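Just dropping this structure here.
So that you can tell them apart, the chains are marked A, B, C, D and E in the order they are listed, and the count of residues begins at 1 in each.
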Amino acid sequence: MSALTLSNVTKTFGTTEVITGVDLDVEPGEFCVFVGPSGCGKSTLLRMIAGLEDVTSGDVKIDDRRVNDVAPAKREIAMVFQSYALYPHLTVRDNMGLALKQAGTSRADITAATDKASAMLGLDPLIDRRPSELSGGQRQRVAIGRAIVRRPKLFLFDEPLSNLDAALRVATRIEIARLHRELGATMIYVTHDQVEAMTLADKIVVLRAGRVEQVGPPMELYNDPANTFVAGFIGSPQMNFLKSGPLGLSSAQMGIRPEHLEISTEAGQIAGKISHVEKLGGETLVYVLTEDHGLLTVRLFGEHDYQVDAPVWLTPDAARAFHFDEHGQRLRPGESSAAGRATP
Amino acid sequence: QDVTLTVESWRNDDLQIWQETIIPAFEAANPGIKINFAPTAPAEYNAVLNSKLDAGSAGDLITCRPFDASLELFNKGQLADLTDLESMANFSDVAKSAWQTDDGSATFCVPMASVIHGFLYNKAAFEELGLEPPKTVDEFYAVLDKIKEDGTYIPMAMGTPDQWEAATMGYQNIGPTYWKGEEGRKALIDGSQKLTDEGWVEPFRQLAKWKDYLGDGFEAQTYPDSQNLFTLGRAAIYPAGSWEIGVFEPQIAGAFEMGAFAPPIVAEGDTCYISDHTDIGIGLNAASQNADAARTFLEWVGSDEFASLYANALPGFFSLNSNPVEMENAVAQEFVSWRENCEPTIRSTYQILSRGTPNLENETWNASANVINGTETPEAAAERLQEGLASWYEPQQN
Amino acid sequence: MSARHSLPRSIAAHGILITYTLIALFPVFVIVINSFKSRQAIFREPLALPTRETFDLIGFQTVLAQGDFFQYFQNSMIVTVASLFFVLLFGAMAAFALSEYRFRGNSLMGLYLALGIMIPIRLGTVAILQLMVATGLVNTLTALVLVYTAQGLPLAIFILSEFMRNVSDDLKNAGRIDGLSEYRIFFRLVLPLVRPAMATVAVFTMIPIWNDLWFPLILAPSEPTKTITLGSQVFIGQFVTNWNAVLAALSLAIVPVMVLYLIFSRQLIRGITAGAVK
Amino acid sequence: MARRKGFRWHIAVFLAPAVLVYTAIMIIPLIGTLNLSLFGKGETGRVFVGLANFATLFGDPRWSAAFWNALANNAWFFLVHMLVQNPVGVMLAALLSSPRLRMAAFYRTAIFVPTILSFVIVGFVWKLILSPIWGIAPNMLDAVGLKSLFAPWLGREGTALTTLALVSVWQFVGIPMMLIYAALLSIPDEVIEAAEMDGVTGWPQFWKIKLPLILPSIGIISVLTFVGNFNAFDLIYVSQGALAGPNFATDLLGTFLYRTFFGFQLQLGDPHMGATIATAMFGIILVGVCIYLFAIQTRLRRYQF
Amino acid sequence: MSALTLSNVTKTFGTTEVITGVDLDVEPGEFCVFVGPSGCGKSTLLRMIAGLEDVTSGDVKIDDRRVNDVAPAKREIAMVFQSYALYPHLTVRDNMGLALKQAGTSRADITAATDKASAMLGLDPLIDRRPSELSGGQRQRVAIGRAIVRRPKLFLFDEPLSNLDAALRVATRIEIARLHRELGATMIYVTHDQVEAMTLADKIVVLRAGRVEQVGPPMELYNDPANTFVAGFIGSPQMNFLKSGPLGLSSAQMGIRPEHLEISTEAGQIAGKISHVEKLGGETLVYVLTEDHGLLTVRLFGEHDYQVDAPVWLTPDAARAFHFDEHGQRLRPGESSAAGRATP
């Protein structure tokens, strides 16, 4: 049994094909994260699953039941909208409680549920305000609260944390993970945040221009990307792509993550010049301009001082490099997919 | 340089006649003067005319409603005094009375036409049922009863929602017989009779009886409905004014022949009374820039030529000119023939008595309709009218 | 069929709408069929379709013979369109001022501008006519346009200011930050966004203007300035009303309003699809 | 919005054209007219009488009876509109605004058609339909065997006013429909979608989500209905005449005013009493509108989308 | 001269005091980032600077000119709204070009400017669409485009990148940095993203509940936080706060960043049990539950395998620890503020 199955789903707005044939299978209780560049169709796909957007062709099945023609309300799902979509005339409490009230839940139960959600999301002091009196992040929290209060079978989250601050983001992320574990609900989650994707997902779906590029558990995508797109998309800062020619390799391109490039002021494989340095506190990013490969990123743990414009040499950790053909497809030499794995 | 005279009128109905007959005749005789006949829908005429006169944009020639409406304009200085018009000599005092000051010293409109009340009937229906036009009240009801019994025709075509049908073609039609025409009317004006007197209540009693002879749903039967009922041959009798002749003839289009009988008298040998009501006159806007040309036109309106043109073009509108006019229409001739042996009078409420509020004419409309509908008794209606009149009309206050 | 549409619900919706549409259109249907029938037939069987015997164009013939109806159409059109333009423009401007700015006397100004919907303007006829006589505007279409503009403004302001309050502040603020003057904000941002309301107001304003008889009668009754509605009144007489002609004239007169209405209602839809985004 | 010093010219510019045209052509003439209520007709033209005209209107039993009759009729007329026209208008708008309704444009246009018609046509056609003689209505009732239900509604004192009110509803239902429709369309799709996800669909969705959001528009419609009804005149005038028969059963303030101000038939226009009635009407309407503006409108929440 | 000065600025909504006296000085050409928890008043402050919100009390000066009563249009600023506030009836191009058109820029120049912005933000294929036809991220990009096209003196950005994907986010961030350098414009930037704050800012302003907690360059805040709030807020994952008592310290609390906790399966200062492990690809976060200090986060570079529930020992790097008093204020022993600094 599947919690959600998409079979060759497509969507066309006017003449623009926005989703071009997506197949996907989500197990019950699975946490599935959609990632992909802005405009690749994540929200559209989510809306089709919710029933808010007609499916142009293909089938959407929830719990093995074809729901193409089932009303959103009948699908037993909850959704957090990217634009929040709060009810402007209702207070925070009523926004969260409306669905329960509609379902005929008792007053006491509604209050209990909304109180719990509001405590969890730090909304208590705002519980009687209306959306227009809330900040962006507060609105987003109300939208999340509205979804989780209902505890449906399937959750759809569209970038639910994008407007939250780091601390709250971590807290809410952990709360969503806990909710997921506790309810055993299936969740589909759209995010741009690497950390969210990597930590929450049982399965990440990488979308590009309305098509699925790769599906798999986070570390599989990280360590075994199918192509340059996935390799570049998973992991932040982005993987460096080096031209194979100057390195004397047979593949067309070599990918190396910024943390696997060694930097030295004395010698190394690739010569370059420091372009600029970003200090993030716990880590430092050094951008090195090389003649053959353009700008390469080096990621260093801890705080480091480098002089801009100083000449440096970089050395990729060959064992952890990825190789791609001229179409960007991964070239896998035997079981090399495990090459990138380090031991503690 | 041509002058163009604009004629204000409520007679939309006459537009064609003016354009095709009257204006060409005048313009042929009076080169240099052009006439523009600019009628307004009748319901709006008074309001529009007053507004225009007040603001100074009214036409040169003004079609005059009888009595107070025009007198008011004259008093306000908006109608010119036409007493010295030569052709005024062509009209009797009675004819001029509708457009004179109360003391008769000044006349401000040239009388154009009067209308006579009576009953029209469907000759074919009468023949079919073997009926004769009634002379007396009893005969009148006998005829109605017969028609009703037979059931083929609605005995009488009249409705009450428009109210004025009930008042004008009902009350004012049969009433003079009971209040004895001018005698009663004048007595009312000088206060020696009251509306609660027998002569004034009896017409209401008669009207109350009519109810049984009217068609189904007469409470919502409009004036055009009544006209159509009669002209389509579904009703046998139509309480009428003479103006209907010209309207009905083309509509009946020869489907049956129309006859007319005068308001029935109470008993054989009684004097008969008819309402021969002065209805239309024409006057001069005191603010007109073309007063001379306008007077020329008014002189012509007072002439025999106009009288004959108008009366023949509009059968049922009878000339008020003292010189008799030859009429071709048979039914119209029938109406006019009553003038010979019946006493003429004008509608009782028109002169003086409708000057105040409540307005006796409008009240009479309402009362007549109520009485026919059966929502008010004749006595109560008379009582109410008397009270209303006495509330402002001094001669009635003692 | 789609997910957000249940069949029974749309059948019910269509059922109700069709029923009401029939109720709305039935009398109109009666008018139209009767305008093609002879007078007798209208009254003998008002519901029957025109048959060979009863078919009669006499109404239309009378109408077309009785005056330059093309000219009347044109006058009505000019008056309506011009008045509409000014009502919408001036009305929207005033509504914007009332809804957007807080200034002393705002509510009083709102009330003052709303007074006009509370008193029938007909009562001011004489003074208006005097004004027009004094300015020499009698028997010009300008007089009508002025009166209708004044007449339409209160309602337009009242409705538009309500709708303008719904326009997102962030949006106007974005415009201010972009350096748009208040005038630009009004013309470039707010006006396009309240297009549905403008269309609605346009329809409301247009109808009484098109159908008005009173002011054309008083202010511009001359032949070259007659409006279509005034033209049709010629057939309403004292003792007889030429219903064929009245029906024909008024049926003809409906057509242009319908067209205008359709234009505005298209506009309304377009305005909406282009609008409303967070 | 920051408070800014100095005179904000643009406010004046925005207001000026409307205020000028409106004041010159509407307010000044109307004030001139209403002013007449303080005068009476004397021997030598106009004389100042103070509030004597009002004393007559409310003190003289004839005048006051007519006035209260008209006012009561008017109240009923308004009530019928509020109870029938506005709910029906809202319902139609709600149906029309349901997403992806086919033929919505057709329905919208069709339902609005009566509003476009002139009063002359409306009066004529309904009299024709309801006529006991030519009767479309009686024939149709006859066809379904309900002829006995038919009565000359327009001619009976008990039914005439309600019948006309319903005709007026028929004619004007398009107006609330259009306004509500425009208001409904301005609710963002996402909010409706969120409601669908929450299982709030159909009628509950309408009551709980849409209605609160369009309440300001409903307020406007109510006040427009109020103002429109208390100024109503034409329909009664064309169908029942200025005397508003039967027996003044359909007399509204508007017809009463017209009759008095402009006169009717033999009754001469009395601008002074007419203006007095107009002032009284104006007072009634003003009170209603002020209640709306200051008590209701300020309490209705508006939401910016 | 200052580009922007706030002197004791406050803001009250009804009875809620949202900004409670903010003083701030921004130099011309400075890049100033506001951070703080959701609802702390960042957007409100920005809106007051823009002139969109009345200042309840205090002064706002731009270029040393008091602008409390100056219209937004006259302040020569550009702003990206958190809610985007795109003109729904205009196409992407017109949204971006409107301000220039208003300023009377020539058609050709407008096209050039909008073309450039749209190329930079990847909006080219969307240039003729209206906002309703765009995805969330695309709308956000248009909003950014609209601001940068104008090149005013002062830029205000309210979470401009929150809906963008990682790659685009990095690209746009770099673009904004470049823009900042090139134009020499002053920028005020609200963000929740640590990386953005750390990399872009010349000066970070940490706000809490309408009050400024600390102002300073990123590394200063990171290395020398004034109190627990700032210490906890800057740096992600959050700093660990340990009770001093069990450690035998005199301060009330000790703060230690996750990267400065050493983890060992054999021995160490603090005993604990692994609660869960988050693998982010280039780094691994280990959450350790300890008896005395609750949940502590350990950040490790690279990929590591740990068994959940396994016992572990943690050792803080004492040199890099921060000490706080019972009010959360930092205790600075001599010049210890530089203690956390590492050398390459």
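We take it that a residue touches a chain if its C-beta (ideal position, glycine included) is under 8 Å from a C-beta of that chain, and two chains touch if they have at least 3 such contacts.
Chain-to-protein mapping (UniProt): A, E = ABC transporter ATP-binding protein; C = Carbohydrate ABC transporter permease; D = Sugar ABC transporter permease.
What you are looking at is a predicted structure, and each value in this text was computed from that prediction instead of being measured.
With contact taken as defined at the outset, subunit B and subunit D are each touched by C. A centroid comparison over C-alpha atoms places B as the chain most distant from subunit E. Separation between the centroids of subunit B and subunit E, computed from CA atoms only, is 93 Å.
Here the spacing of subunit B and subunit C, counted between their Cα centres, is 40 Å. Inter-chain centre distance (subunit A to subunit D, centres taken as mean C-alpha positions): 57 Å. The residues of subunit E that reach two or more other chains are 51-52, 71-72, 83, listed in rising order. Of all residues in subunit B, those that touch two or more other chains are 43, 225, 228. Residues of subunit C in contact with at least two other chains: 2, 4-5, 43-44, 125-126, 168-169, 181, 236, 243, 275-278. Subunit C makes touch with subunit B in their complex at residues 39-40, 43-44, 66, 125-126, 129-130, 132-133, 138, 213-214, 217-218, 221, 233-241, 243. Residues of subunit E that touch subunit C in their complex: 47, 50-52, 71-73, 75, 77-79, 81, 83-89, 98-99, 102-103, 130-132, 139, 146, 150. By the touch criterion stated above, subunit D contacts subunit B in their complex at residues 62-63, 127, 130-135, 151-157, 237, 240-243, 245-248, 258, 262-270, 273. The touching residues of subunit B, counted against subunit C in their complex, run 10-13, 15, 38-44, 48, 51-52, 54-57, 224-225, 227-228, 232, 241, 243-244, 247, 251. Residues 13, 35-39, 42-44, 82-83, 122, 126, 133-138, 140-141, 158-159, 162-170, 192-195, 198-199, 218-219, 222-223, 232-238, 257-259, 278-283, 285, 299-306, 340-344 of subunit E are the ones that touch subunit A when the two sit in their complex.
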